[in-house]
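Got some structures for you, see below.
In the two complexes below, chain A is the common chain; its partner is chain B in one and chain C in the other.
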Partner chain A sequence: MGRSYHTIAFDAQKCNGCQECEKACAQAKAGVTDLVHSRIKVSPGRKEGEWGLALCRQCAQPLCVMNCPGGALSKDPVSGVVSWDESRCVGCKLCTLACAYAGITFNQATGQVMKCDFCGGDPACVKSCERGALQHLTGSDIYNEWGDLEDLFVPGISACLGCNSELLVRHTLRRVGPNTVVATPPGCIAGVGAVGVNGLTATKTPVFHPLLTNTASMLAGARRYYNRIGRDVTMLAFAGDGGAADVGFQSLSGAAERGEQIIFICVDNEGYMNTGVQRSSTTPYGAWTSTTPVGSVLRGKTRDAKPLPIIMLMHNCEYVATASTAYMEDYYQKLEKAILAAKKGMAYVHVFSPCPTGWRLPPARLIEAGRKAVQCNLMPLWEYESATGDMRFTHPVDNPLPVTDYLSMIGKYRHLSAEQTQHIQEHADRQVDLLRKFMQQRMDLAV
Partner chain B sequence: MPDTKYLIVGSSHAGLAALEAIRLADAEGSITLLSKEGSLPYSPTVLPYVFSGMADADRVFLREDDYFKQMGVDFKRGSAVTELNAQKGQAVLETGETIGFQKALLATGARPQVPKIEGLSDCPFQVLRTLADAKALKSGMESARSAIILGAGLIGMHAAESLCEAGLQVTVVEMAGRVLPGYFDAKASGMIKSIFNEHGVKLLLGSPVTHVVANHNGCGVSLENGLDLSADMIMVATGVIPNWECLENQGIDGAQGVLVDDYMRTGLKNIWAAGDVTRSKSFFDNSPTYSGTLPMAVEQGRIAGASMAEDPGVKPFPGAVPLNTYSFFGNRSFSVGQAMATASGKKTEVNLIHIPSSNSYQKLVFNADRLVGAMGINSELDPGVLWRMIERQVELGDVKEAFAAKPKEIGRLLMNNLWR
Partner chain C sequence: MPKTIVCDGNEAAAWGVSRAKPDMVAVYPITPQSSLAEYVSQFVADGIIDADLMDVEGEHSVLSVLQGACLAGARTFTATCGQGLAFMFEPYFRTPPLRLPIVMSIVTRDGITPQCVWGGQQDAMTVREVGWIQMYCETVQEVLDTVILAYRVAEHRDVMLPVNVCHDGNYLSYGVEKVELPDQEDVDRFMGEKNTNWHVALDPERPMGVDPLTGGATGNGPALFVRYRKGSCKAMQNALQVICDVHREWGEQFGRHYAPLVEEYRLDGADFALVTIGSMTGAAKDAVDAAREQGVKVGLIKIKTFRPFPLEAMIQALSKVKAVGVVDRSVSFGWNSGPVYQETLSALYHLKERIPAVSFIGGLAGADITETHLQRVIDVTASLLQGHMPAQPIWLNEND
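After this line comes the complex of A and B, so read on.
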């Protein structure tokens, strides 16, 4: 598996052109404040208050390296940093012709080219940026670590174009490993081939197909059997919102209350998507489905979604979290905790899963929709750990975007009136408020 | 069963870029890389710095042996190909050895062209294309006090500077009316010429050579205008010819460069070509063009490799753009695209800045809303940003004015926003 590397991300919206990053770079690299030495360059935009950034992107196939006649530039396979060896540079400047982004530039003061070397892994520019416009992203570490684990899901499954179920299942199985029994009740995950087609299964762990109603109880039974024969086997369910919030709810509720040692992942695509896009109890207010149609009288769903993660919070679980494939780093951390928690009791993870087919959402924008849902506070990311009683937002959103930023991306909300949008906004605000209140009083539910 | 899935002939910029592109799409297919040279791969572009002493001849290699092991490539040095037979899918080496291939890339570059000048073949002269040439020049230079260089292109000018810095009395003779005629307009090449003159290099422009004679201390050169010159050494830098001969007698003519399509295919079954050995379409008018530059060799090598490995992400060649950077006596310059255009053109618009005090010159050429060319001497512009703006045909629209006023800043902003 190819390696993935740390990177410096730039958020133009947060930049105010203060050039502190340039000063920090010049200081770190040349020991002076003269900005001529800075390898990071903030440049004024077209309009007042708009800023752009020129910085080496440490490209995967760096053209500067391929265009260097002296072998002075090379990409480090471990750190991913493209480094420049002064002793081999002949000064031809072909690298400045090869780079489309001014990532390697001529320094007037030294008469040589210069480029970002990532400060050996701890970039000075990022630390100097008080507004957070520059961020040092390290998510690649987890990708590398997980990438080395065995892939337990076969290639060529039949999910709809753009669906994140494959991403979710593939990554989850890598981490839980082969010593796992997987349950996938009727729903999209089973439907894409996880449980099997014509006697073959896409899952390289033991997998079974319970009824929609009894996923949690069957897994609980399997776990108890393994406990009795003295084997520690992970029990993992991938159920849709139907198999968790509606039809599957009584067995899930019972298993949580009894403290069954299972990981229950609800893949919430807000409806019965593989059977023809019917509403479920997690379908949000206002959404179009085939059973909450849009016509002259009805304007989509008339009731708010059942807040399943909050309900599970009140269920004596060892661990409860919401997650999104738009925030994989966050999901990875939560899965680690869920694996540990499931040694003691139930770990419930609710994964927000936009559906290109049923939501009328372009496949290419699925991850973006997931991100927007978080940024609008429609799907706040949080977790609760019963061991400590701590509950917290894992991706706090200080200045949420208006819900319309999210709603306008998705076809199932196309018909919304101003009043309906208003309702959704207020509902989102209330939910976040409620979560905040829970967090303010330490949650001592387990006791 | 062929011996190798991919055969790459020539291990310089085009060949290495192709190798990397193949490996991105095909992690396992066998690759054999052949080089005529006995050494590890190196770039001809580094040679002026080798004979000037700036680069250490033992530390100019583009890749180490380890690299080929890691990439799973069988790298064979000292393996000159004499025939690359498309019908048989077979390469014949100078040694008589044969190698069967499924797909082959010709990346053999070019060699110095020696003009048909009376007496030249009887006179010992220097050229510069290989490490051996650079070493010969270096030792020749040690015993010489004066040199004549035929040709004021990049190679001739680089050599002139190095010889001048080594203390030789240097004269450059050029047929065209200005130096670096392929890259710089009259103004810019005039500036370059004066800097060379200030350093004592004599430049005789618009001066065709009629004949050359060997004399007791070196050679004599006679010009059409009647001038007779004499020097201890003579160097020929009047252009290059492609190393295409191993495709001869297969129905194509590569004397001006092997013509390739947008995926670097030669028209011969399973044979691709890239770099200095090719002619490809021009970005501006689609006519067959000889590039002979390092960046084009890299671009073409990448496309050839991706095409050979059937990479679904392969993108067609947008066409050759004339471009280069050139540094001389502590000054730097670049030229990209249709930089030679003059303001008199119909649709062309030229934006010029000349600051004599700092020896700087900057020129932007627009065609309607697009940048089509740029040139600079001691200019702060980023040549790479400008190249890709030209190539991607960025419509400047309402930022055109801002770009013309602040090309460095706005260019960076535009390209960074276009990142993909």
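After this line comes the complex of A and C, so read on.
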């Protein structure tokens, strides 16, 4: 499998043409602020107020390299950076003609071509962009580190269009590997055929349907026996919020208290989506479901969601984290920790998983909704490690967006009154405040 | 040399467990099973049982951890009763069709409501149709021996089903007897190889999808589902022979012979018989002996194996008499009689001649079934021969 590399992404909507990136580049590369030395160029777009970016893409098959007669340009197979060797350059400028992105340009001041070299992995331009129009994306590590691992989930899963659960399962199984027993209680993941239908299975590891109620217990029994016979077999659960927070809670809580060595992933889509969108205890306040309907008397759910990740935190699991399918790199880092933690005890990962069908959300906007939920502090991303007592936000949001930015995207909230919206805003604020207090408390204890 | 010890039925069960060498025992206390859970736990603590002790948060998880362990390859044991069994019902229901050879004692207890903590067979009888093999014990020694035997039945390749060893709460759980504790080496020889998950496993070395969605109206769903059900029913029928073989082997090796399915007691020359199950049988045999001395031609049919129902053995026993009185320690609400009575009626249908039968219900919620009660059973049943048919059922403790 090929490699994927880090990149600098440009969000034209956030750019105001301030050229701070150009100044930072010139400073970093030539030690001066003269923009002639900048290897990144911002220029007016087609319409008034629009800006475009000229910057080396570090192409996978770089035409500049192919067209260089002197062999001065080459692509580093590890970092992916296309580098220029002054000693071999014949000054023909063919490379500037070959590049469709104006990523390599002629510098009038030096009389030589120049191009972005990624600043050794820490680009100055990105750091200078206060508006966030430039982003250094490192997500490609997922592809490079895990891309060659076997995909243990077969293609052709019958998930709803746009569902993130398949994404989550596929990636998780890749990383966790074949020496694993997978439990998927009744719910969406089992429903899409993970365990199978009439003799056919979708998962290449051992996989089974626990009851909705006993996922953690069944895995605990299997793990204990493998410990007894000296085999280190990973126990992995993908349970919905019903199988974790509602009817599955007793066995989960018991297993956590006993320190059973399980990776328990709760895929929280905020309700019983597989059975037709009924409310669960993690359905948020105000949300429409088929059992918290909206009519002239009732206006959606009247209680806030049960904060299961915090409840699991209080069980003192080896590892507790929240994650989101909209932040897969964050999830991968947490999965690494969960795998290690589950050698000693329970690793609990609560994944926010927007549901196109049950949330009345267009499939194309699922990832966007997941991001917004984090940016509004409705689904804060954090982790706790028992070994160190360390608890922290993994994606701190200091200036959260108003919750309306998120709520307005999602059909299950379309009936909300101003009072209900205010309730949700206050709940989000209180929730993050509570997490901060936990983090503060733990730091105090550490002192 | 086998040791002789004096213990109650719960401790005897725990000694039986120790000799069967399970890999995992799961415990959660409930009266009158609690001391059994305690004995097993203490035996693990003392190294008498070399097993993982799963001290979990409820009966539902008790059976669930054992299912997980069994699927990974463990030999397992637990015990429960009454409300514990009710709470366990969800995984309990699933154990037989998963074909997991788990052994579980039911220290039988009556059902609430009214709230009660005493013996009765309402719990075990209520779950008789779930697919577990059920064997009911008469004595403390039989409890110990049957727990060991049960693994041979459960793990037999032609069976692969879970087994309930039922012993009566209060009467057997706390009743003390002198019992013989067989030597470990002898039991090891009797037990043979462990056989738990060749057919269904959660093992990365043999990856499989365990219990995928099966059934529906299309494709191979209907036929596949029928295949599973037929398999379970067939295994139950196979168990009848296996239970007989294992009991015979046990008797030959240890010198204690139990009627594996149905015991015929003094049926030779009997005009009529009592049908009993469990610990009441001791008092009933005394009552039969006393009546015989008075010249009353009465015998007794004791059911040991209730599931699978020992139809042929019952037909054989029932065909020797002209009337039966069936004593139940639980209630069949839908029939206004006892469940053992109803099952006996089903067996009677197979006789060439129709004979009368009467239902007695006694010993509910810890009440005694004494020789006096059983004398009444004998008298009433004898009157059937003269053409009487009393109003049914007859509640033995109604006026105690």
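Heads up, the rule we're going with is that the second predicted complex is superposed on the first by the 332 of 447 C-alpha atoms of A that agree within 3 Å, B and C clash if a C-alpha of one lies under 4 Å from a C-alpha of the other, contacts with A are read in each partner's own complex, and residues count from 1 in each chain.
Please note the rule applied: a contact is a pair of C-beta atoms (placed from the backbone, for glycine too) under 8 Å apart; a residue touches a chain by one contact, two chains touch by 3 or more.
If you're wondering where the values come from, they're calculated on a predicted model, not measured in any experiment.
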Query = For A:75, is the partner it touches chain B (first), chain C (second), both, or none of the two (neither)?
reply = neither
Query = Of chain B and chain C, which one contacts the greater number of residues in chain A?
reply = C
Ask   = Does chain B (first) or chain C (second) touch A:63, or do both, or does neither?
value = first
Inquiry  = According to the stated criteria, A:96 is in contact with first (chain B), second (chain C), both, or neither; which is it?
reply    = first
Task = In the overlay, answer first, second, both or neither for which of chain B and chain C A:423 touches.
result = neither
Ask   = Counting only touches as set out at the top, which of chain B and chain C does A:52 meet: first, second, both, neither?
value = first
Inquiry  = Tell me the contact category for A:315 with respect to chain B and chain C: first, second, both or neither.
reply    = neither
Chain B/chain C common contact set on chain A = none
Note = Interface with chain B, chain A side, in the complex: residues 41, 43-46, 52-54, 57, 61, 63, 66-71, 87-88, 90-94, 96-102, 105-106, 108, 111
Task = Report the residues of chain A in contact with chain C in the complex, numbered from low to high.
result = 178-181, 190, 193, 195-211, 213-214, 217-226, 228-229, 233, 250-251, 253-255, 257-258
Inquiry  = For the complex, give me every residue of chain B touching chain A.
reply    = 13, 16-17, 20, 24, 43-46, 49, 54-55, 59-63, 294-295, 298, 302, 323-325, 327, 330, 332, 334, 336, 380, 382-385, 387-388, 399, 402, 406, 408-413, 415-417, 419
Inquiry  = So in the complex, the part of chain C that touches chain A is made up of which residues?
reply    = 23-24, 26, 52, 54-58, 60-61, 64-74, 90-91, 94, 201-204, 206-216, 219-221, 224
